[in-house]
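Each of the next two complexes has chain A plus one other chain: chain B in the first, chain C in the second.
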Partner chain A sequence: MKSISLYEEKASFVHDVDPITKLWYIPFAILIPIILPSFTISFLFIGLSLVLLLGAKVIRKTIPVFGFVFLILITVVLIQGMFKPENETVLFQIGPLTMYKEGLLFALTITLRVINIICAFMILVLTTKPSDLVEALVRKGMSPRIGYVIVSVFQIIPEMMATMSTITDAQRARGMETEGKLLVRIKAFIPLLGPVVLGSLINTKERAMALEVRGFNSQAPKTYLYEEKTYQFSKVLQIGMLLLTMAAVSWRIFL
Partner chain B sequence: MKKIIVEGLKYKYPLADSLALNDVTFDIKQGEFIGIIGKNLAGKSTLCQALVGLVPHFYKGAYGGKVIVDGLEVKNHSIADLSLKVGMVFQNPFTQVTGSKTTVYEEIAFGLENIGIPRTEIIERIDSVLDLLNIEQVKDHNPFDLSGGQMQRMAIASIIAMKPDILVLDEPTSQLDPAGSEEVFQAIQSLSKQGITVILAEHKMEKIAQYCDRVLLLNNGKVVDFDTPGKIFSREDLEGYGLTAPVYTRVCKALGVKKAGTDEYPVTLEEAERVLRGDGA
Partner chain C sequence: MIKIANLSFSYNKETRVLSGINLEFDRRSTAIIGQNGAGKTTLVKLMKGLLKADEGKILIHEHDVSGKTAAQLARTIGLVFQNPNDQIFKRTVLDEVMFGPLNIKMDKQTAKEKAIEALKMVELDDKLEMNPHDLSLSEKKLLCIASVVAMDTDIIIFDEPTIAQDHGGKEKIRQIIQALKDKNKLVMTIIHDMDFVAENFERTIVFNDGQVLLDGETRDVFSQKELLKTACVEAPGITKLAERLGFKDTVLTVDEFINMKKTYSPPQ
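So, the complex of A and B:
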């Protein structure tokens, strides 16, 4: 079945790390460059994240994501470079367009921050199975109901899409035009919504009943089929990240 | 020992005009294999759901009378409490897939995790139900990628793994081929022989006649009769309730041969054969 999760199953040391540690890495990698706003630190963290992504052998999966993000970042660079109110020092001119130093530096800060955030999230998303992450969170005390909602989305959405294509086929078999000009396509889309939405509602009701009889609302303490995924250095990593963050904060305050 | 007691059960779905169940009274002993028959909309599914507490807890609606399942009065206990005693398999296998698990193995574990079965026992139980329902070969497949029949077996396996004392099945073999349904019935029968009480709503009359100890005949939400398959299928007014007797019964009825010393027609192949060969006469 087609999955909408970006997770890629590979054997690497990043995959071996438990989901909670990877989750901790996100605020860590985002906060430090904000606490210590220097380009060196930002580059350092982006470099670290990229090395981890390379180590996890998932760097190729990041390309489409970066492709999308760069599109937005280019507009940031152009607008800040040309129109930031503090712009004074002219850097270069292309025809009537003038680029200023202040704006470009500011755009660089934003760009680095965005790339840094994306890298940090990608490490979690690309190397952690969604169900593993949710299970880890449920073990830490998150409500299993919320966990169910998050995990089931990954399967129910592709299921709804499959239902939709079945209904499209059925309607095409009865002579409806579904291909061609944009207007034709939009017209073909409307009669799809009724059956898909209503069908999903009915399915949801039946699924809810099936969950009920399988003890979904049981008050008993939950157990797990799989043993908790542990990583021998997870405590070290977590404490290390916490100490580094504290060090960064005190550096900023006292020096 | 009476496992299930239903007394004067009346139920109306919210927004409905008529009663889905009207003054239903019967009781079932431990270990019995009960069939529920009746035409569409006779109230079979509603009755099944009343035994696990979905009626009235899930739907709400107007409820009267009493249902006592293994000592628990359904009205006063949550579905989660009842799910430890009664398991239910629904008609549509597709919507019974939880959607939160990516393999059949994990899918079966879902209910066991919820009710807090220790890990080692979860694994033991899953292995045994995979074997019982003959779906071992698909245990690592995604539940949504299974065929209708495999999905139905998985749905039954998921409930059986929870080891309920009472098993309620609402047309559990609708997606299965004849050989597949036979296998599933055999599996259910073997559970029944271990002392599990089984309640089965089904349209396959031959199967009902072959496996059930007693049959509950429903019509328009009322109990018409609750008796042995022989007595039920020998009723002259069966067609008036939108049902046809097993083919063996119809053949013997046309030939006018009854079981020796009784007023009943044969209902299974074996009985019909015995009577028609003249062994039992």
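So, the complex of A and C:
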């Protein structure tokens, strides 16, 4: 079955880092450029994230994501560059279009922020198995029920897709046209919805029973299937990030 | 009726599921046997147009399968899925069985008649309004059989029809297969129940590791003890008993055994 998680199994020092530290990295990398709003800092963090993504050998997987994001950012640059109310200084003209400095600088800030946020999230998402992250959170005290719900979300969509193709096969096998023109496809799709939803409800009921008979609701403390992923420098990194954030705050306040 | 030439297929690049299959089917009823994972289900899905071959050709009634959609093929070839839960998706037993006939442009009246007739054969005609998901596994399997039989196709393939069936259920399936043979249809069955094979099918094809290992009259196939072993299948108990007792001919059924026994004198 296909997985919807973007996680890529590789051996790298980024993969070795425990999920919680990578989770910490996200607010760290997002907050500091906000606390210290300079282009240098933003570039620094984007650079750092990109180096980590490169080191994790997952940079290729980021390309489609960035492709999509750039498409949106280009419209931001164009609109801000031309129409931002504060626009005064003309930078250049292409035909009838005039680009202003103020708008472009503002667009650049937004662009850097967005890229920075996406990079930080991507490090976590691409190098951490969702179940590892959830298990680490449960170890930290999150309720196993919530953990289970999160993990289920990662399973239910591919499961629904599999159910859909199963039912499509059942329909085609008995003479219902599902291939070809768009109209035919749509016509075939609508009667799918009922069985797919019904099917997942039945699955849910059966899964609840399966969980129940295997003691999911037991009050005893749970043990874990996987060994806890530990990383020797996780404390150092976490404390380091915290200190740097505090340093950034005091820099901002006192200097 | 069906001609398969040099057929190969794989689900993913790493492993080939079927390679270089050449087969021809006439109207003889045919059993397809072989160990789990040998590629039997994959082969029939290819014939049905649910999967597309990587290489090779399948001709049904001289028409190339690759040029038709599965829905078009459904008029000529019916398939009862291995797992009934994969096949059932309507909300009542009657709707489920009428779905196929209505799709191949039977009018509502005829479709209903055919559906009820098929449901009578599997003795589910008293449960027309029930939700199929509330049926037992064996009943679901029978329902799937009925919903394909109702389409009255020229070729009909069963993928393990006897799973979960008690003696009565098997007897119903036997009668259905016989009725279809009497109507001169090509009946093909994937099956692990060797007694059922020996008693009901003229021809047997043994699959092993994505290839045809043996193909011939059922009697001849079951006499090839060594080859059967490589495919992890066994001749029926009665066949093995007769062989151990030193009978010259391959025995397929208990009746045959008894008849032979009358004329047989044990070696001294």
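Simple rule for what comes next: the second predicted complex is superposed on the first by the 255 of 255 C-alpha atoms of A that agree within 3 Å, B and C clash if a C-alpha of one lies under 4 Å from a C-alpha of the other, contacts with A are read in each partner's own complex, and residues count from 1 in each chain.
The criterion applied here is as follows: a contact is a pair of C-beta atoms (placed from the backbone, for glycine too) under 8 Å apart; a residue touches a chain by one contact, two chains touch by 3 or more.
All figures in this text were calculated on a predicted structure; none of them were measured in a lab.
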Overlay on chain A: chain C relative to chain B, clash or fit: fit
Partner chain(s) touched by A:A173 [first = chain B, second = chain C, both, neither]: second
Residues of chain A touched, compared between chain B and chain C (which is higher): B
Partner chain in contact with A:S12 - chain B first, chain C second, else both or neither: neither
Contacts of A:P221 with chain B and chain C, given as first, second, both or neither: first
Chain B versus chain C as contact partner of A:S200, first or second or both or neither: neither
Vertex chain A, arms to chain B and chain C (CA centres, degrees, nearest 10): 40
Partner chain(s) touched by A:Y148 [first = chain B, second = chain C, both, neither]: first
Closest approach of chain C to chain B (Cα atoms, Å): 6
Chain A residues contacted in one complex by chain B, in the other by chain C: none
Contact footprint of chain C on chain A as seen in their complex: 166-167, 169-180, 194-195, 202
Complex contact set, residues of chain A against chain B: 1, 131, 144, 147-148, 151-152, 155-156, 159, 203, 206-225, 227
Complex contacts: residues of chain B adjacent to chain A: 49, 52, 54, 58, 78-80, 83-84, 86-88, 90, 92, 94-102, 105-106, 109-119, 122-123, 142, 144-145, 155, 158-159, 162
For the chain C and chain A complex, residues of the former touching the latter: 48-50, 69-72, 74-75, 78-79, 81, 86-91, 99-100, 103-104, 133, 147-148, 151
